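A quick write-up on the structure given underneath.
In this document, chain identifiers A, B, C and D correspond to the written order of the chains, with residue numbering beginning at 1 in each.
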Amino acid sequence: MSNNDVTRRGLLKSGALAGAGVALPTIFTASSASAFTNEPTGSTVTLGFNVPQTGPYADEGADELRAYELAVEHLNGGGDGGMMSTFSSKALDGTGILGKKVEYVTGDTQTKSDAARASAKSMIEKDGAVMITGGSSSGVAVAVQALCQEAGVIFMAGLTHSNDTTGKDKRANGFRHFFNSYMSGAALAPVLAANYGTDRKAYHLTADYNWGYTTEEAIRSSTEAMGWETVAAVKTPLTQTDFSSYIAPVLQSGADTLVLNHYGGNMVNSLTNAVQFGLRDKQVNGKDFQIIVPLYSRLMAKGAGANVKGIFGSTNWHWSLQDDGSKAFVKSFGTKYGFPPSQAAHTCYVQTLLYADAVQRAGTFEPCAVVEALEGYEFDGLGNGKTLYRAEDHQCFKDVLVVKGKENPTSEFDLLEIVEVTPVAQVTYPPDHPQFAGGALGTCNNGG
Amino acid sequence: MLGLDKKDAVLLVIVAVLTMFAPFILNPFPEGSAMAQFNAGYPDLMQRFVIFGIFAIGFNILFGLTGYLSFGHAAFLGVGSYAAVWMFKLLSMNVIPAIVLAVIMSGLFALLIGYISLRRSGIYFSILTLAFAQMMFALAYSVLTPITGGETGLQLALDDPRILGQSQTPEGNIPVPGLFGFEMRDSAELVIGSWVFTFNLGYYFCGVILLLAFYLAIRIFRSPFGMMLRAIKSNQQRLNYTGINPKPYTLAAFVISGMYAGLAGALMASMDPLAGAERMFWTASGEVVLMTILGGVGTLIGPVLGAGAIKYMENIISKINSDILHSWFAFLPDGLEDFVVTIVYPFIGKGWHLTLGIIFMLVVIFLPGGLVEGGQRISSWLRNRRARRDDRRSKTEPAE
Amino acid sequence: MGILEVKNVGKRFGGLQALSEVNLSVAENSVHAIIGPNGAGKSTLLNCLVGKLIPDTGSVMFDGQSVLGRSPFEINQMGISRVFQTPEIFGDLTVMENMMIPIFASRDGSFRMHAVESVVSESEVVDYAEQMLEDMNMADKRHMHAAAMSRGDKRRLEIGMCLSQKPRLLLLDEPTAGMARADTNNTIDLLKQIKEDRDITIAIIEHDMHVVFSLAERITVLAQGTPLVEDAPENIKGNPKVREAYLGESA
Amino acid sequence: MDAIILQILNGLDKGSAYALIALGLTLIFGTLGVVNFAHGALFMIGAFCAVTLSRLIGLSHKVEVEGETDFLGNPLTKDVPYIYDWFGEATGAAIVDWAVPLAILFAIPVMILVGVVMERGLIKHFYKRPHADQILVTFGLAIVLQEVIKYFYGANPIPTPAPSAFTGSFDFGVLIGFDANTIIYPYWRLVYFAFAAVIIGAVFAFLQFTTFGMVVRAGMADRETVGLLGINIDKRFTIMFGIAAAVAGLAGVMYVPINPPNYHMGMDFLVLSFVVVVVGGMGSLPGAVLAGFLLGILESFASMREVIDLIPGINQIIIYLVAIIILLTRPRGLMGRKGVMED
């Protein structure tokens, strides 16, 4: 046996050529057929879209999938081309990637690292996917990223906000366009200081898992740096549905600001509960009580309904941005599906384009060449202004949006308004920043 | 053969043949055809079939024989996975020490949890096991993050010591699990026409272990020990008054099935070196209960079939999307095509849970003995039909 | 000194004094019946003998050893087998398996991890079980599920299972309760046969006087939780105290 | 002190949700002997009754807004509920605002119907089957029900607020002599607690004081005897299933403003409610209620910062820890009867 990964599709093509019409079995090993895992040898290339289709993030996953389908359509020359026309790189020409028509397979991560890896593995082993992308939580992103490193395919992360994805769990074959906890803290702190003053006592409720920890750390250190005091930080179980017993003691603690380091269902419920308790009508230390949600998404804002009004948070992207790239994307997404895209959809669409572009520029699907093409790559026109894919940790550095729940929404999608576009310089950190310490990128893996 | 009677030997041979030829059996459709979507003969899924088969066989030793319904069995799977990954991190990437440690660790956990939980029976026992597993899940996901990796799972890293192996490969990558120089992911392929069959070392490793596990289960089923376990399910009172102490028997069964779970966990980690806390969540425990009941409680082969059925749905049905549906029904006229796709769509892809729920209900309602009973019914129906045909023939013959 | 010596046993359930100062001596190789009206405490006494209940006071000695505080399975291992009022057998197992379990129990003790050898390879147990089934006249039913048998057959199997352990004391709890006359007579004959064939002590709790007087060599009459008289059967019949206990105040 | 009072309040409120769900589960188990894993789904369906009604009330037609455009540059449209056209804007807005309480009236018949259909169509055939079969078939049903809801309503939570009269919180602290803002509690949660108390009281009164209830209680104690008396106990049990479904459904309706409902809220409560039932003792109604409140209060205490600092992670495991301790010290839960579900 050879020391090689399975490369189904690539093999099939060459095998079919060699064995056409021959009934005798021919044994092939992967190494003789291809130079890297799942090298596309036919007229098509297969991408794997691995998103949550069941479980609490299914709606977010559905939106990601819409974006992927749109991206594939644009790559293959269909539709209006979306951001391909505003993208600073003009390598993509609407004829697929390197002239090969883009096909895709989909899978269900169930928002569980095991299921996500199973699904990704089936894409790699069975469907011959040469790149895996998607996901809606950091646990899944980190797990699938490690798998792709091992298998020798590229992983373009979907929605993942934890520092760890490009911090201690970074991998050479993995890339993240989405922003992270540190950036949220760095972007939010000045806006909070401007709006709420520098003399605040903050009370953190933190989801009791990795993403919660990194977010709490990021927000704490950036708010404390500008003079805020952290009164308490309480960890809440992931499976918690009713946060009343965590919210109730907040006022007694003398805090005047509540930071909800929660995402998804946790955030919807904790924010709803906090508003229910009338926290926002209270006065503490002579100031109006305030609530902050570090990571916002429109889908969550929708779940929390009117409770988000006036609450600050950060987001990777929002459809109301007025740059050409964003407008082009919103237009083609909105035309196809009838409503504006979410930030998850945006990051997934962009990741697909960035991958395709990198392959096009590298002139090969070989993962190490793609890594090289992406590392240190600077681009523009994809909605967040000038952006750098940093070589040291494969994290995108770009402007971050500070948003606020809109007081008078005009539709069910118009829930957030952009307060400030924090310039990239303000959210940039050195690769060896303590919040990202530990772990190593390693070297890229071509697999086969 | 091997100390088995003929019927069991035949069963073992059937399982052996199915396992060894799975790459062929599970890939009946040629690559590129529309039906290739239903092929399950790729390494990851085949590995999952046998690993969850082992898990379910072990669970059945407890539930099928003694009737004690553990609702927290996934905890031992998780313990096994964590133990195995820690071995990969600290010792070496060889799977043997990892598996040995995983089985020992899960056995110890099972001994402790079983000793406490078996003080109660019926649903009280179920809730006790559930409570232990949920506690383990919750702690592993949160406060035990330094040991378990928490949300992201326990992973290998480039700077792990691996004292008997290497921290990194010469190319600067994390080494992969192997067996004395052979890597678990090694595969060879056989191409016949437009069929491609994959033979993966990891799969065959798991397959051999499945056969050993299955063989051991047969021996346990047919042993005096197994008979005592069935007697516990049947009438614990009588057993007590017959001079048998049921406690050590149930505890032994609990520990054995916990070790099977640990073995399955270690194999999962050996095929894919990551251990996540979700493995211990109550739904994962529920899944093995469903596998066992779906296949047929208390039967030897049932749990393996049940495991296969559920994993197949999870991995194959969930990957069918509307595009694929359209391509299947493209031969229909446009309106009809859309109509058919609309009807089918809710049941596939993201709707695979719905299909699963419906199948559970149908099986429980119509086949209380699970898939095994279904098979028996079909075979007895076939026998009857043949008998009737023979009957008819013998009746008509004299008339000729 | 009898094989079973019950001294001053008392048992209280809340406000009810179920047993008080029960003294009983069962002579080795005798058939001893314990009779009494409903609620006399017969079953409570029996449960005290087999470890299901622990008496509040007194002692129960079997062959010179105390049984108090021991579990039912330990007491069985000492040599006491119990037959229940409604036959307790392993309904889901075959008749043959039912017969083998007690044999394994007496051979291997209360627990042995014999998980790998096959049942059928244990030829001594198999042969003995076959023999017992022959003795009990049910060899033809050996592959049947025990639950599918008639009540009489279940009773017979249960007695056979107990006998296979060669107990020194066989406790029978109303073995003919709910049986038709013919079945009752069969059971009486069976027990007589057993007594003839083996060295065994039988203690029987019974309601049916016909059974009692057909079998017993010695009878203890229990009333309101305490022994009224203990005597030979012929003396019990005419005893006015017994009459009163059975027929109540109205007599 | 104030912190403890606050957590007791919290616990009572959490506990009332647990108790209501456990009560329905126990009713079904006690009367029919069926372990109903679909009970959480009934709770969820109740919640979606509220969502459905508020959507029905809010059914709208589109009106173009002059001079504004939407994100694609098309003319902006605004939704105007039909109910505004019929009753005028003020009355219409009030009806929309009160959708959740109104949903109680809507949910009762719906839930009783769902319950009766479930019992007659499915559960009835499982009375004599092993508990494992009952668990599997009702679990399958729960999956099907939640997937159907997901198909129509999506996976995201759907905000469905309480009437605006109930927004904000009540300051208990001031009432009993503490500083302002130390012990506050949301009005709607107080409503939920009172509502739960009324429902629990009504169920107990119904079982205690009506002949119907007496027969059902007798049936819970010994089904065969009652059958021998010639009473059609099956029909009564069907009705009982309907009532249990309605209790679960109402618990769901009123829960909607506390946390926005989603399709998996039933599963979230399922394991917990079983723990509650078992801790209370299988088949004991008072046990279920008692255990519901007890676990609610303990969970609240365990979530206090001081307690978590003392024992990290205690808030993650408290419910299960308590369940283990209670089951080991009281073999049949707090108030369980002997011999129930022990085989």
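Throughout what follows, contacts are C-beta pairs under 8 Å (C-beta built on N, C-alpha and C of every residue); 3 or more make two chains touch, one makes a residue touch a chain.
Only a predicted model underlies this, so the values are computations on that prediction, with no experimental measurement involved.
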(request) Indicate, using Cα centroids, the chain positioned nearest the centre of all protein chains shown. (result) B
(message) Centroid from C-alpha atoms only, then distance chain B to chain D, rounded to Å. What do you get?
(response) 35
(message) Report the inter-centroid distance (CA atoms only) between chain B and chain C in whole Å.
(response) 46
(message) Quick check: how many Å separate the C-alpha centres of chain A and chain B?
(response) 33
(request) Give me the residues of chain B that touch two or more other chains. (result) 138, 141-143, 353
(request) Would you pick out the residues of chain D that each touch at least 2 other chains? (result) 313, 316
(message) Quick check: what residues of chain C touch more than one other chain, meaning two or more?
(response) none
(message) Once the touch criterion is applied, which pairs of chains come out as touching?
(response) A-B, A-D, B-C, B-D
(request) Please give the residue numbers of chain B that touch chain A in the complex, ascending. (result) 31-32, 39, 42-45, 48, 138, 141-143, 145, 150-153, 155-159, 168, 171-174, 176, 182-183, 185-194, 196, 198, 200-201, 268, 272, 274, 276, 278-279, 314-315, 318-319, 321, 349-350, 352-353
(request) Under the touch definition given earlier, write down the residues of chain C that touch chain B in their complex. (result) 50, 71-74, 76-77, 81-82, 84, 88-93, 97, 100-102, 104-106, 108-122, 125, 161, 165
(message) Quick check: in the complex, which residue numbers of chain B touch chain C?
(response) 3-5, 216, 219-220, 222-228, 230-231, 233-235, 237-245, 248-249, 252, 256
(message) Quick check on the complex: what are the chain A residues that touch chain D?
(response) 55-59, 62, 208, 232, 234-237, 239, 241-242, 244-246, 248-249, 251-253, 265, 268-269, 272-273, 276-278, 281-282, 284, 299, 302-307, 319-320, 330-331, 334-335, 340, 410-411, 413-414
(message) List the residues on chain A that touch chain B in their complex, please.
(response) 1-6, 8, 11-12, 15-16, 18-19, 22-23, 25-30, 53-54, 58, 61-62, 105-108, 112-115, 117-119, 121-122, 125-126, 137-139, 142-143, 146-147, 149-150, 162, 164, 169, 208-211, 213, 235, 237-239, 439-440, 442-443, 445
